[in-house]
Amino acid sequence: MKLRKHAWIGLVLGIILVGALVALAGCGGGTATTTSSSTPAGEQPVKGGTLNVYINEPVSIDPVDLEESEGTQVGQALFDSLTTFDYLTMKVGPAAAASWDVNADASVFTFHLVPGAKFHDGTPVTAGDFVYAWNRLCDPANKSNVSYHLAPVKGFDEVQAGTVKELSGVKAIDDNTLEVTLSYSFADFIYVVAHPTLAPVPKAAVEKDPAAFSAAPVGNGPFMMDGTWQHDQSIQLKAFADYYGKKPNIDGIAFKIFKDPETAFLEFKAGNLDWTMIPTGQIKATQDQYGTSDDGYTGNPGKQVQLGSELSIYYLVVNTKDDIFKNPDLRQAVSLAINRQAIADTVYEGTRAPATSIIPPGIVGYEDGAFPYSKYDVEAAKAALTKAGYPNGQGLPELTLSCNSGGGHEDVMALVQADLKAIGINVKTDFTEWAAYLKKLDDGTFQFGRLGWVADYPIIDNFVYPLFKSGSADNKSKYENPAVDSALEAARKTLDESERIKAYQAIVKTVGQDTPVIPIVAYKHHHVTSARVFNLILSPNYLLDFQDCWIKG
Amino acid sequence: MLTYIGRRILQMIPVFIGVTILLFILRAPGVLPGDPIKLITGERAISPALYNQIVKENALDKPLWYQYGRWMDHLFHGDLGESYQLKRPVADILIEKFPNTLKLALVAILIECFMGMAAGILSAVKRYSFWDVLVTLSTSILVSLPVFWLGMILQVIFGIKFKEWGLPYLPISGMTSADFPGWVHYVLPAVTLASISTAYAARITRSQLLEVMGQDYMRTASAKGLTGGQVIWRHGLKNALIPVVTYLGLDLGAMVGGTILTETVFNWPGIGFQIYRAILSRDWPIVLGAVVIIVILVMIINLLVDISYAFLDPRIRYGRVAK
Amino acid sequence: MAPDFFEDPRRRDIGQAAEEQTFGGSEALAETVVAGRGRTLRTDAWRRLRKNRLALAGLVWICFMIILAASADLWVPHFFGAPTAIDTSKVAQQSLLSPSADHPFGTDKLGRDILSRTIYGARVSLIVGVVAVAIMVVIGLILGAVAAYYGGWWDSIVMRTADVFFAFPYILFSIVLIALLGFGLQTVFIAIGVIGWPSIARVFRSSILSVKNNEYVDAARAMGASTPRILFRHIMPNAVAPIIVYGTMSIGGAILTEAALSFLGVGVQPPAPTWGNMLSEARSSLFTAPWLMLYPGLAILTTVLAFVLLGDGLRDALDVKLKE
Amino acid sequence: MPPLLEVDDLHMHFFTRDGIVKAVDGVSFSLEPRETLGVVGESGSGKSVTALSIMRLIPEPPGKVVKGDIRFRGDSILAMGEKEQRKLRGNRIAMIFQDPMTSLNPVYRIGKQIAEPLRIHKNMSRKDSWDAAVELLKQVGIPQAADRARSYPHEFSGGMRQRAMIAIALACGPDVLIADEPTTALDVTIQAQILELIQEIQARTESAIIMITHDLGVVADVADHVLVMYAGRAVEFGTADDVFYRPLHPYTWGLLESLPRHDVDEKGQLCPIKGQPPSLINLPQGCAFRPRCAYSQGVCTMERSGLVEITPGHFSACQFSGDSGFVEKACGFLSRER
């Protein structure tokens, strides 16, 4: 190309433009400014305002399929279940059921509903609505992912098989009395019925137009739909005037739907969100800028970053049927070699805690250090490796660490790889997409990989039964221990709460010795509230308390 | 002309069948790893009742050819099936998402049209000047930019930094928000989406215009006593812009399915991201439905581009060209 | 405007439609003046390329990147550390350091040196670019030759298949292919190569068609030359220039596609350092560590730009007008 | 009264990367109303550049008039502003181009293209200009002009397009009509028709015509005066009879010899001029024609002759043109036979 002399000015200008861009992006370090913190001590709740909340696109906001966190977040605002779990006292309390009775062997539960409670359309909430909702949940035609919540209820298997339409174990004695019969003793069932997916639904509204109901569910909770679900955009809620319980301070909630936390966080920074997830990598800076919540759960101006424990655990699943990994000493060696603190500090910037058990903090009966090998001890790891028959890794073939890609697990896997290399175990990583990865886990064609487990209820049973019971579909380690199996059945039948907890704690210790799974980190929240929101609590099971927060300014 | 259109529509049929067969082959069990239905419940195992229900509803236990026939039959009755994961009719999902992508694409095409053509005309008319070099260089840079990187930079500068500096700033994600009128949300995503194509449009405009400016009829026009501007405006542009129009048409077609990156960066509730997610979760009803609609749309757009040729360029008479 | 172009505009994909436009144009007057000094095409093209300062800058930059990438093992780990080396005992202190003398581009979350990763990232990008385009060209040449030389049904089948490929959204198609083949470097270039062939096939097909009926080809045929011989001796030399130009530009495109796929998490898998992976990782630290985003992005931009400028220069130098 | 059009020592040079191209390097002539001037020369001799310089259609840069002037009715066109120049162009001075196939805009109807100069220069309405265009099409011999005006160029044959081009040129009734090789691209039979048409028009409209051609045969029939150009310079100028029957310059002789002659026997040899026209950047020293000239002598390499009036009104730029013996001897055969 021929250039006229002064045309080179253009070239120079272009270069300067690029340079300016570089400089601009370079100075984007974000100067930490401390927000002037108003102490919430003297603050009184103020009425009004709409809370802008970040969520991902939910799968469903209808109780028939409240599975993942996002839909559940919306569902719990729209619906009240029979009971509720109070994380401050670690006790189950009343919600739609004012009280309940349990029979002697904990197989029949009788719930007494709050009289006069209404659905958002004004119809009364009756025991029949629970019966309808639970049958609806179990009917295969409704394709619920979460019908398993009702698996203990008598008649569940028959309904699932499609032979009958109604759960034989659920009866409305009268409008305000619901009787539930289980097919086995399960004292923890009162924790189960706290789940929002077991909330009542008004039959008339559902059957008029099921699709419309799913897009704008009519519930019995403190908030009601304001319009319908705008897919991928927003779900708007407003306070329900006839709510039977404590009425919220705020007028409404706008759940704004984002594809990823990065974008949402940008919106938060731009002032358009009152609560969002902090992308990992920006947590420290966000703490510096917005201050950290004292208890990790309650967000108040100046103390806005929530870093409390969640009921989730991140672990490595080891294939106990693998020729090499069937050796428990090797599994223990691997577990001892992993520097969980480094993972928690660098990858998660301290927003996850090193896991010392498959049970995370926040679960009733949690014990620190229940998994004896779930700690970082290089010398012990080397000893275990020698005991396993591979001194300094000699004779040990290269191991394959499988993982699904795109979930942000790459950094964790890189650190695990580096840790194992340090004691002489060579590991190669094998990333596949989620679909292929899950197939590997199901087929048992893996050596070790990663998984996470999120508790539905704050009880140990919710971890150990699905993960370690022989033949359980969620038992990807293919762990088989008859002693654990029988202890599990016994624990479920134990009526006394403290006895039961002890029984479960013993099971956890047994499993910990065998190390079919290697706990890595327990999840913590990494969320932030805006400076105008007071007392916004994010519970360990990832539910926001919309009733007690208020907005000012 | 009508026979031409008819012939073109006939030509579409094998392409359509090819695309759908290709998708069904990919969908066949064992081709792509992973059981789509087991994915529905994520890390938790799926209940047999739910599994069987979805197999039954989708006739997944039947042979593949039967499923293909069934799917085609449903398609002709306007039924695209139901998403495994979202458990909603695919048609509903597409009706929600397609307009968003189309709207964004149209705004992007408008930007391309004006910015691209203006830059192309400027650099062709002022050839070898400062402006020409600027346009040439900036179009080269634009086509070399990763779209998602550009999007991120725009977000930081116009969404975050501008706000920090107290300047008028722009929304950085989504289609709606309380603080801005709806159209403002289009600015950054549309600029990002249009970036590469604007550069191409500018390049095509420039080279076409330069070629046209060397044509004898341009000299004829000057010899008539038209001003330089009139010559380019009246005689040059109409000739030069015909290929640009083709390009824009094809580009609109490409954008209908190719906006995943922009949609991801700007959280745009469009079809591209939906398909991407559906592929990863093996939600075949959505993949099939969306791709089929995209293919049909692209074919229609291409046909319209061809037909518009006949109106723009009188030399084209399809009936005669057909061999 | 040749009728074939109008008969089916879909035969030209977007990139091609855009790239086939000449940017330098012919300088008719100067050309007539200097014409007729006997030179071979190659030296003539080289002379013209040398005069194009932008294209030359592109070439120099590409050579620079190749040298950096090829020699990386010799010096990069020594000065900046290996691109995947992690010391878990010190990772907390090494994490997210801003640019300094030790780490001129800073470090990422796991304490890995960004400069080192950027240099090693060039390997992946260049390899993906070159190999993907090589696959693209080989498939495209074979199918383009078959379509053009045999014509008739062969032509229809190849061109309709190309239509099917074009009808499918490009990035989605790559994702499906990657899902089919599993993750990995090989998969990425196979996916890009397999999807890109129709453009090459069309360019090649039209080059062949434009010379197929030339007299010298007829003459060769009359003298009993075999079909492959005719293809290679008479047609290839004429078709090679457009392929070189299109191939050069496609390398830039392939690098961008690789980055996009890695950005979406379906490309080359971590911990392998690729520019797309680095950008994907950087997205979560947009505010705290903007340099994470800056350097890989600039690396992609400059490298792709270099190929684009070189491609433009080659097109002008070889006087290729792909639209025939 | 000044002449209608006067070209005075015009030097049009092009400044390129490779050097200065002296495309026109000192050409002068003048034109009176109703007069026809033939300009003859090979490709690259500068005849088209001369015509385009008059129209001011040479892009500047790279072109530049380094010396000389062009005057229309005594007013320097070069000194005029762009606006006044445009008022002349297509209005008082019009041009017909060589290739009718490419000189019409393919996307507009013929009628619109003919009407365009009328709309610019005469401020005619769309309707009036269209009617005038149809009338013009009739005048240039297009049957069913009203229908044909609605056609696009590609629907016209070559001859019809050239008629349409002529109609465009004639639209405003120009004083000077420049025809740049108007028949070169046409079939032989059509060529004659077009030439006839041009003559007919001249008779009717009293325009002056500059007929540019490489074919001396064409000018012989129509021109009053003939200007022979070589390498950017005039080498011979005179009346058509003078140049045709009493040519003085060896280059003119070469042109005449290369004419197919219908009046002598069929076997008469065509004698093309040997060699190539010189590069306009590096003109040979002395006479530019010298390397190709069969009669060159030592003196030709030393200096070049300007145009010299040999007989009244008949100029030549050959050293030896004044030597009637030389002329007789060298080309006697030509003049005798004609």
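For reference, chains read A, B, C and D in written order, and residue numbers begin at 1 within each chain.
We take it that contacts are C-beta pairs under 8 Å (C-beta built on N, C-alpha and C of every residue); 3 or more make two chains touch, one makes a residue touch a chain.
The shown structure was predicted, so the numbers you read here are calculated from the model rather than taken from an experiment.
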### Message
Measuring from CA centroids, which chain ends up nearest the centre of the complete protein set?
### Response
B
### Task
By the contact definition above, name the pair with the higher C-beta contact count: A-C or B-C.
B-C
## Note on the structure
So, in whole Å, the Cα centroid of chain A is separated from that of chain C by 44
### Query
Taking each chain's centre as the mean of its CA atoms, how far is chain B from chain C in angstrom?
22
### Query
At what distance in angstrom does the C-alpha mean of chain B lie from that of chain A?
37
### Summary
Whole-angstrom distance, CA centroid of chain C to CA centroid of chain D, is 52
### Summary
So chain A residues touching two or more other chains come to 1-3, 25, 28, 266, 269, 406, 432-433, 435-436
### Query
Got the chain C residues that touch at least 2 other chains?
23, 54, 179, 182, 264, 266, 283, 286-287, 290, 293
### Message
Residues touching two or more other chains, restricted to chain B: which are they?
### Response
32-33, 136-137, 141, 153, 156, 160, 264, 280, 313, 315
### Message
For a test of understanding, state which residues of chain D touch chain B in their complex under the given definition.
### Response
55, 57, 82, 86-91, 94-95, 97, 99, 102-108, 113, 116-117, 120-121, 152, 154, 165, 168
### Summary
In their shared complex, chain C is touched by residues of chain A numbered 1-3, 22, 25-26, 28-30, 262, 266, 269, 279-282, 284-285, 339, 342, 345-347, 405-406, 408, 410-411, 413-415, 417-419, 422, 429, 431-433, 435-436
### Query
For the complex, which residues does chain B have touching chain C?
11, 14-15, 18-19, 22, 26, 31-33, 136-137, 140-141, 143-149, 152-153, 156, 160, 200, 203-204, 206-208, 210-211, 214, 243, 246-247, 250-251, 254, 256-258, 260-261, 264, 272, 275-276, 279-280, 291, 294-295, 298-299, 302, 305-306, 309, 313, 315-316, 318, 321-323
### Query
What part of chain B is in contact with chain D in the complex they form?
215-217, 219-227, 235, 238-239, 312-315
### Task
Spell out the part of chain A that touches chain B in their complex, as residue ranges.
1-4, 6-11, 13-14, 18, 21, 24-25, 28, 52, 59-60, 65, 67-68, 140-141, 143-145, 147-148, 160-162, 211, 214, 231-234, 254, 256-260, 263-264, 266-267, 269-272, 406, 432-436, 438-439, 442, 451-453, 466, 472-474
